[in-house]
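Alright, structures below, take your time with them.
Each of the two complexes below includes chain A, the first together with chain B, the second together with chain C.
Showing the complex of A and B:
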């Protein structure tokens, strides 16, 4: 009995620690700036939705959220399609001098290099291409990063799937691409879901490139738009908290949508 | 079985996600995206950093501009990134903005890089006697008065920026603590503040910003000036570690710290704002963005108890002046519209409207209107007449401020050694300016 109580106590404490930041974020989003900075209350004494309303009526957060959703959707979708084909090629084909491994290593370098190192070249490239402040510029940039990530994640998943299944399909008359699309890819669906979640998280929360490549609400993403709430001499903490809540919701919904795949994805491939 | 289940779920997930995204996108686009530009409007894209001092402009003047036929796109960004972002925009001719609302210390950097339009040649009258002289002076590069950096000794001053919204430091004080009006001297700030603490009206006589870099230098600057200090001689030699400068620094890190909240070493504008607006502090020197909150009960617990005055003096009462100042990049896509907008905006009529809306104007006539939009405006004029100085006009001011701010912050942590901190900073500043070719 005592050990059960102790377990409950420990679990409650852990839960409280995990949930405290979320509670504090939501609670802050319902307070006025005066209550936040001058009173430090534990819960909103005069709850208000003004912070949320102000975001959409004065701060153009509808545009920021739309931009984030569109950019994330397309960059992850393109990266998943291209990345899974690249990963399949690395997993299944052999090139002279084991070049398939070198290609993988080359792709990995893009993930190893700190993003800030290539920030200025990417900025200048987008400037020359006329893609600053555009969805296309952000999608192209994020896709480049996401493809390398997808290749490395998906390669491990494809290696786990027996090649015999594809060969059986081809013996039955299917093409190589047909076998990949109809046999291998559905079997790798949990891996795709896991990869997608990580890619969505990284892309949706990305700040550095959004900071450099966007300057207007036409293309600013949620993290980038939230930074505009920091003023020279004051910060709109209440609106920032509300922006945090709004920004978290799409990720939570997405995670709930694919969580079953994620659990299965964690039991195969690279993220075991 | 497993395969079938996987296939069905994947399609459903994709469909669900796609439909959800489409609906969310449509709804959010409808309520949140910027309204497309009117075809007949004279488009002007203004880049600004987020600051409460621009609120009256956004709320009252932009609608007037639209009535006058301008199609204003007002793009706000975080202060910390705007300088680098706009400078990159201007240097690379990216053409993302028609007008930058700069912080005035940035003018030398943009001027030295020759990336802004000559507004005098475009027809803006820099010689108009209605300008506040100290404000229009900040729009010229190289400066019309004072020392010049190397390479610009003989260059004719050009009007590359025009003052947009006035801003300067003034004193905000508790009228139930300083019952005879604004304290005239720093000694009075401390002495009467202590009486206020003893009476239980406040917890601390003063509050200021102690964070290293720009914040601590900005808070120390008016103390330094009031003690009679000056930053550089006419050859750009640092002289801020003079006897007067050292006395101001010792007072700042010693007496002022002892009479400020215990965490003041870590304070930035949010914390100092909370201390004065929350009723804990008796007096503060601050820019208008925060001062404007003094009458708003949703922002302060002590509305009605906060009054404004000229900064206290030791030998003189001189504040730091830092204005919003507008420049047109050479790469502006709607240059002619921007020039027309600036001429319209700095006209006496519109400056009077700005004053009515509550911002500090940049034309003297606008200070004289019958009903200025807030109580700070006439006090700002008193401060301008008493004395207000901009930061030294060098493209390297940010580095100087950083070096000085680090040393001052160390002394503030120790609670003593302000004079030694200035000596250290002066040596570092001298070394830095030598490295970049000042001597």
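Showing the complex of A and C:
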């Protein structure tokens, strides 16, 4: 009885700590600036959606979201295709000089280096190529980051799938690549999903490179656009809160929808 | 059986024509992108770190000068110190809280699913938005702390204006955002521990503290180590949250190396110097990661 009470107590405390900040964000987004700064209310007394409307009519938030969706979709899609092919080659073939192992280790090392380390040269590269402030520049950058991650994840998923199945397909006249495409890849679908989910999360949330590589609503992603909003209108708390809600909503919704895969992908690499 | 399988595989590998080139063809697209967008820039960054730039173009060779200057630059040394403090404090709290929560949630009980679902939220919210949330909590005029304080009859609460409070505020933000990740990794680790030793201990009548100290903790050491390493590496690169929350201020109280490097490169246009700074940070993190891996191997072996 006592331990049950303690359990409920701890749980409520944890939920309160997690949810209170989120409550404050949402509640602020529904207040007017006057109510926020002058009355300091604990909940919106005069709830309004004006802040949200202003974001889309005056602050080009729609463009930021579109850019985020386009950039995330293409960089994750390309990385999944290129990454899973690469992972398959590493998992299944023996190459001269144990190259498959060296390539794997090399990609893992790249993954560990903090992205900030290559910020300046990537900026200089995109400057040289004329890709600053463009979808293509962001897509190229994010694709490269996602590939290192996809190869690493997919390799371990491919290793779990028995080779015999591919061999059976090849005995039946399928080509090696055909066996990969028709047998192994579908079997690795859960792994592919977990990998995609992770890549989507990281890419959608990325800020540093978006900050350095974009400058106008033409290519600014959602996190980047949100940060601009903060700089430009220093004390427009209401808009800031609304931008926060809209920035968080799609990704939180997405994450809760695919929760099972998320937890698997998260812990797989760490615990195995 | 296994041997036969290997032979078939080899035979297939050394088959004719296209099959022979297949692994290379499959590796090529990914490697080309990575080489072009990550490795070439990495190399370019190394080169840039030995040059002096003015407004984006090279004006002189610096040799190792940028690197030498770094270690007598009080601003860099301060940012490094702030980063080390930030990482140490955040990761320590996240580990302790995450481990406690994981132990708490080990037994299935009503509501645990809900708890896990809600705990996912902080770590998937865009870091920039997390920073906005905490600005809305800390702000002296519009903040939640002020609102609560006023409601209880107090005055304004000032967090981001004071160096110490702003730094603590940043640590709290990080703990809020990343304790859930620690929790998930450690919970998965706990769930994968074998049952037998625990049953034996129960038969022997061991108390829960003994079980924790003699069984759970030693068995969890590798998982704990991995979780701490992962979090430490990530925390070293923290940028977004600070950029939005404090921009490194007040003064230099929350100016992590990433922020200092960014400002050096893009605000002060000292491209070569900033490149040297980032290369140094990259090396530090890699050294950290590799020594952690070696340490882990030793833990595994013992």
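Throughout what follows, the second predicted complex is superposed on the first by the 229 of 272 C-alpha atoms of A that agree within 3 Å, B and C clash if a C-alpha of one lies under 4 Å from a C-alpha of the other, contacts with A are read in each partner's own complex, and residues count from 1 in each chain.
Note that in this section contacts are C-beta pairs under 8 Å (C-beta built on N, C-alpha and C of every residue); 3 or more make two chains touch, one makes a residue touch a chain.
This structure is a prediction, so every number in the text was calculated from the model and none was measured.
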Query raised in the report: Between chain B (first) and chain C (second), which, if any, makes contact with A:32: first, second, both or neither?
Result: first
Query raised in the report: Once the shared chain is lined up, is A:144 touching chain B (first), chain C (second), both, or neither of them?
Result: second
Query raised in the report: After lining up the shared chain so the two structures overlap, which partner does A:129 touch, if you call chain B first and chain C second: first, second, both or neither?
Result: neither
Report task. Determine, under the contact definition given at the top, whether A:186 touches first (chain B), second (chain C), both, or neither. Result -> first
Report summary line: Partner touching more residues of chain A, chain B vs chain C, is chain C
Report task. Please indicate which partner A:252 is in contact with in the superposed arrangement: first for chain B, second for chain C, both, or neither. Result -> second
Requested in this report: Would you check which partner chain A:230 touches, where first means chain B only, second means chain C only, and both and neither mean what they say?
Outcome: both
Report task. Examine A:211 and indicate which partner it touches, taking first as chain B and second as chain C; both and neither are also allowed. Result -> both
Requested in this report: With the two complexes superposed on chain A, say which partner A:90 touches: chain B (first), chain C (second), both, or neither.
Outcome: second
Query raised in the report: Thinking of the overlay built on chain A, is A:13 touched by chain B (first), by chain C (second), by both, or by neither?
Result: neither
Report task. Jot down the residues of chain A that show up as touching in both complexes, chain B in one and chain C in the other. Result -> 37, 123-124, 127, 211-212, 227, 230, 235, 237
Query raised in the report: Tell me, which parts of chain A touch chain B in their complex?
Result: 32-34, 37-39, 56, 60-66, 69-70, 73, 123-124, 127, 132-133, 186-187, 189-190, 192-193, 211-212, 215-218, 227-235, 237, 250, 253-254, 257-258, 260-261
Report summary line: Interface with chain A, chain C side, in the complex: residues 5, 8-10, 12-13, 15, 18-19, 22-24, 26-27, 29-31, 33-34, 36-45, 48, 56, 101, 104, 109, 111, 115-122, 124-129, 132-137, 139, 141-142, 144, 146-148, 150-151, 176, 180-181, 184-185, 187-189, 192, 223, 226-227, 230, 233, 236-237, 239-240, 243-244, 258, 261-262, 265-266, 271, 274-275, 278-279, 281-282, 285-286, 289
Query raised in the report: Which of the residues in chain B end up touching chain A in this complex?
Result: 3, 6-7, 9-10, 13, 16-17, 20-21, 24-25, 28-34, 45, 47, 49-52, 73, 75-81, 85, 88-89, 92, 94, 96-97, 103, 269-270, 273-274, 277-279, 286-287, 289-290, 298-301
Report summary line: Touching chain C in the complex, chain A uses residues 7, 10-11, 14-15, 17-22, 24-25, 28, 36-37, 40-42, 78, 81-83, 85-86, 88-90, 92-95, 100, 103, 107, 109-110, 112-125, 127, 140-141, 143-145, 147-148, 150-151, 163-164, 167, 170, 175-177, 201, 204-205, 207-208, 211-212, 222-223, 226-227, 230, 235, 237, 240-241, 243-244, 247-248, 251-252, 255-256, 259, 262-263, 266-267, 270-271
